[in-house]
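A short write-up of the structure that comes next.
Here the chain labels run A, B, C and D in written order, and each chain numbers its own residues starting at 1.
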């Protein structure tokens, strides 16, 4: 593996749209060529070199390329956009669209990320040490095909709209989440290890949700059917098993309706 | 305006029975002429095909439901805007429902000169014309919908053809419309109560009139007025297995009606997007093609013209004034659903749809559309369309042409189907060897639709005096490419396109914004006091807009080309 | 001083609309919008007399408005400031990534402020961006 | 002789009433009487008489005062400011005709701007819901002629749309609803006993912010499942009663407003309302409609959708394509995240209607207001350019809340020398083209684009 290091030299005044900070774009290029890769700051065409000092060299392919951003990217969008392989590590915060439409590889952000992390994700792994804002692992506006595969793990908390229109893959929020979990989902798994205010599984067709903390307001469309023992992301426990959203349409298999599952850790 | 001489191309002009003769086409002041001076700008078309500008008889390109399609599908724009040019032109957006700018540019790139907006809800006329205004280059007209209109149903119920005609004349005039469009006659009106009319004799709730009576009545009214175009119908029971029976029944209604007009039109019924109406079977399991049965009838009856409505196997957006159909479709695919019921007039629905090669039914639908074209014995009455964007976006016309012209291309597509064998079993496409000629394609995309619209003295040919809309395509008539992809490529991006005497496209790139016209029909007939009284009363009681704010104002349709129709009392 | 924590909503009213169309510097607009409607029970709890000034404080700022009994019934726990300049001194700009600020449903603290002065619309807005040239 | 102009459109709320009668003075410069309008519309027409209306642009001076300048200078300043900015934001259009909205499209494209309208802080979430779930709707005439069960969810037309209930939704006698209000079941969902709730047969006084749960309860009941004894503060029996009323009706109409879009969940409250409407269509006929606030705030959604493919929050800074993602490209988010460096406020008052924090953020950069009147935004601007009042001294196309286009008339002659929005934007565009040595693109010839001063 070969590593390219980007050291921030300047904070963008408007956000830097760095859709080329990916192993795919870097692979096989010299540091000078990488520095010349395009991005945008508002309507101005800029380059990666305008905001970062580039050192090291990438591998011949994306899979052989690791990118380390040695500093804060609070004003950098689209890191890891559409990447297919390799890895990106951000030693600080990152702005919106981290791992957007990502197909493979790994992203590790050691700080916080803003909204739309893992939007339209199709594969790969995203790990955020800090917190995420809203719309983690969501679909692009209007698209009924949300996150399809891959894993997103947020060690901190997250806001609203987690896994909206999710079809597959796994999202783990290790702390609390606000509202709207797996809304409109037709597959996939969301695990919230903290508490959620409410609106869990609204308009959900298929898929699984695990809440290890409390749900303050349950939706009326979820009905408790049993108590089960489960191990979830390394945590064993007793869960109340709900099915729903009973207000939503559901596919049938062998004449029986298939519902979405919500497992809420039973009170001790 | 400058003179232009297109030299040495293979000219194909079915209006004059010219098939590939090497000749020059001369242009002056926006018209085709016999000769030009030596000062003319010369375009070398040697080794290339020269045809008149294309004429699209049926597409949804401007108006409220088209715009719903744009508005509610941001994902139709995400990472998708093919062929967009960068600088100096308006921004281009969208795939299945392109922005108005992109619509104009893309049609021009394909060498199209005229497009008919296929369904204008009268209450939304100002919207349609605003969009037409913002669509560059191409000439456009729009067909107001009548098949579920309260006035029409009321007059026809009482057998009042004259009053129906007077109302139609008024409405076409105040909407700056072109002719009579009928969509799911009666069914859409029933949809206002959540119902539908699936046979020709299902009565419309409250109005107690049947689709059969509406269709016959409107054909009679059309000929009473002598409009340039015939009644243009989207039949009942669209899209369902077994619907070819009602299709044939509806087509037969044209048998008793004679065309009466001064525009050279010979048909009394244009049956649109026939693909959606030519299905056999009684369920999705035994769904099959009835293209042969339907085309056998069409081929024998000169009173009918049709367009294909070919499925192009894309992710697209369906939109139609057939409100109940879109509701039905939404129950099949569970995607988002828009609906607009329009007071006293019509309705519309919009649902995204993915024509997936891995789904058997989609493969059969693809075959049906092409079979209709391949069974046609009179290409001058059978036109290329996708019912844009319903069966696919209009930028796929070149692909349809490729399929119609090349068995090899059809087989290549069949080979990509997951259920190839089942599609072959349910259709005839695999056994059909016919490959249409460029001359036949020119009939299906130029001379035929122009004649059907009553516009054959303006569009669809290259005779002196006609509009100077001329496309040059990079195809060698004498030595056609063995790779069918080259056909699609040539028709997708014209080597050169001249619109109204100005070069607007060169090598597939837009060069200018041309001289766009809005075409509308001004039906002149003595005022009918009964009808005017009815209109005034209805606007006072039933409508929610004022009568004086209803007629579209002149400034919204600049550069009009008005066709006067005089009706004797 | 007693305080009360309430759930705030800011919505339209015909008085606000009618006044706005006369102009936002018109006295009618001041009268229509520099008020907070609360349930009398809540007023009592916080020691607020009706038609006296109160300070409304949210996560992002505070504003002085006049507390009145609801023109349209407001249940205990809920408060309403009509949409406009005064309301927007306390509306949190957070949007839940939808573009729309939290105009309704945000926590506020309301306390009596009988000796505080109501500011005009112009003073509030110009004051916020350092352009107010009038007195305090 | 004063002249009575009839079937005039009212440029206030989304009801876009076009039955107003305005008596205008002999010289066409004063409104004397206004008939049929509500009190707000009445004030609006009369306010046009205000003798203090600005007639020239005003530019802020170094000492903070405003000084009148010529239109030519104002156009030049605006063009240069837009070109110099990395990412300008053009926001507003709450009181602009479609001609103006179309013209600004060229300016925004040329400027690489973000183009946004008041929906961004209003019914924007309704757009998000429409993107995700569609919009089974109808025109208001359908409501008048057919609806026998009308639901007002989080909206209060008696205040925000004063004539809505009499023209369309509660009181009118329509073709199939000849008994008017008698024939309609009215349901209100509001945490307050609003003046609309007072007219309702059933009022759900739910816990504020819990609309989503209540919608889910209705949907669950409609599918034949049981629900808890109380949802969002509403008793189960009352929910069953409402569900039954909707199911039994021949035509259910759901109107929703800011009570859904301004609170927690935003778009999801509307989204599930759309799902409920869809569900109801398997039992009866049902339709849903956003109670759009301004008379032509549906306009930019239409005009920009056909021009750019998106109704609002349109980021044109990429040059090659338009990008939209509210939350990122929405005005208040852009402001709070310092993503724009120039702000143009058009036909709205961001100074009054934005959270003050967001105002402070955009005020760090050049701030231009284009509006007929003095407003909070104009009084903190670096430049204020007055224009004619659409619907009063300028006509044009507007889109009513049901997206029906209505051709408004001008009733007054307008102030001498004051341009319309459209004319002003065209001047700015031409100046920008001149400054960048590029050819303007007019599509149809420029002289045909203008809303004509005399309309036949």
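Some observations on this one:
One rule holds for everything that comes next: a contact is a pair of C-beta atoms (placed from the backbone, for glycine too) under 8 Å apart; a residue touches a chain by one contact, two chains touch by 3 or more.
Note that the structure is predicted; figures quoted are calculated from it, not measured.
Annotation: A-D is the more contact-rich of the chain pairs A-C and A-D, by number of C-beta pairs in contact. The distance from the centre of chain B to the centre of chain C, each centre being the mean of the chain's C-alpha atoms, comes to 57 Å. One finds 39 Å separating the Cα centroids of chain A and chain C. Note: centroid distance chain A to chain D, computed from Cα atoms, is 34 Å. In whole angstrom, the spacing between the mean C-alpha positions of chain B and chain D is 34. Shared contact sites, meaning residues of chain C that touch two or more other chains, fall at 96-97.
Residue positions 72-76, 335-336 of chain B are each in touch with at least two other chains. Among all residues of chain A, those that touch two or more other chains are 115-116, 134-135, 140-142, 144, 160. Interface note: chains touch in the pairs A-B, A-C, A-D, B-D, C-D. For chain D in complex with chain A, the touching residues are 85-87, 111-112, 128, 131-132, 210, 212-213, 216-220, 222-223, 225-228, 231, 264-265, 268, 271-272, 275, 279, 317-319, 324-328, 337-341.
Chain B makes touch with chain A in their complex at residues 72-76, 78, 334-336. Taken together, the chain B residues at the contact with chain D in this complex read 62, 64, 66-68, 70-77, 81, 84, 86-94, 97-101, 123-127, 130-131, 133-134, 136, 192-194, 206, 327, 330, 335-344, 347, 350-351, 513, 516, 541-549, 552-556, 558-559. Considering their complex, residues 12-13, 38-41, 43-44, 47, 50, 64, 120-122, 124-125, 128, 156, 158-160, 162, 191-195, 197, 205, 208-209, 258-259, 261-267, 293, 313, 326-328, 330-333, 335-336, 349, 351-360, 363, 373-376, 379-380 of chain D touch chain C.
By the touch rule above, chain C contacts chain D in their complex via residues 7, 9-14, 17-19, 21-25, 60-61, 70, 72-75, 78, 80, 83-85, 88-89, 91-93, 95-105, 121-122, 124-126, 128-129, 131, 133.
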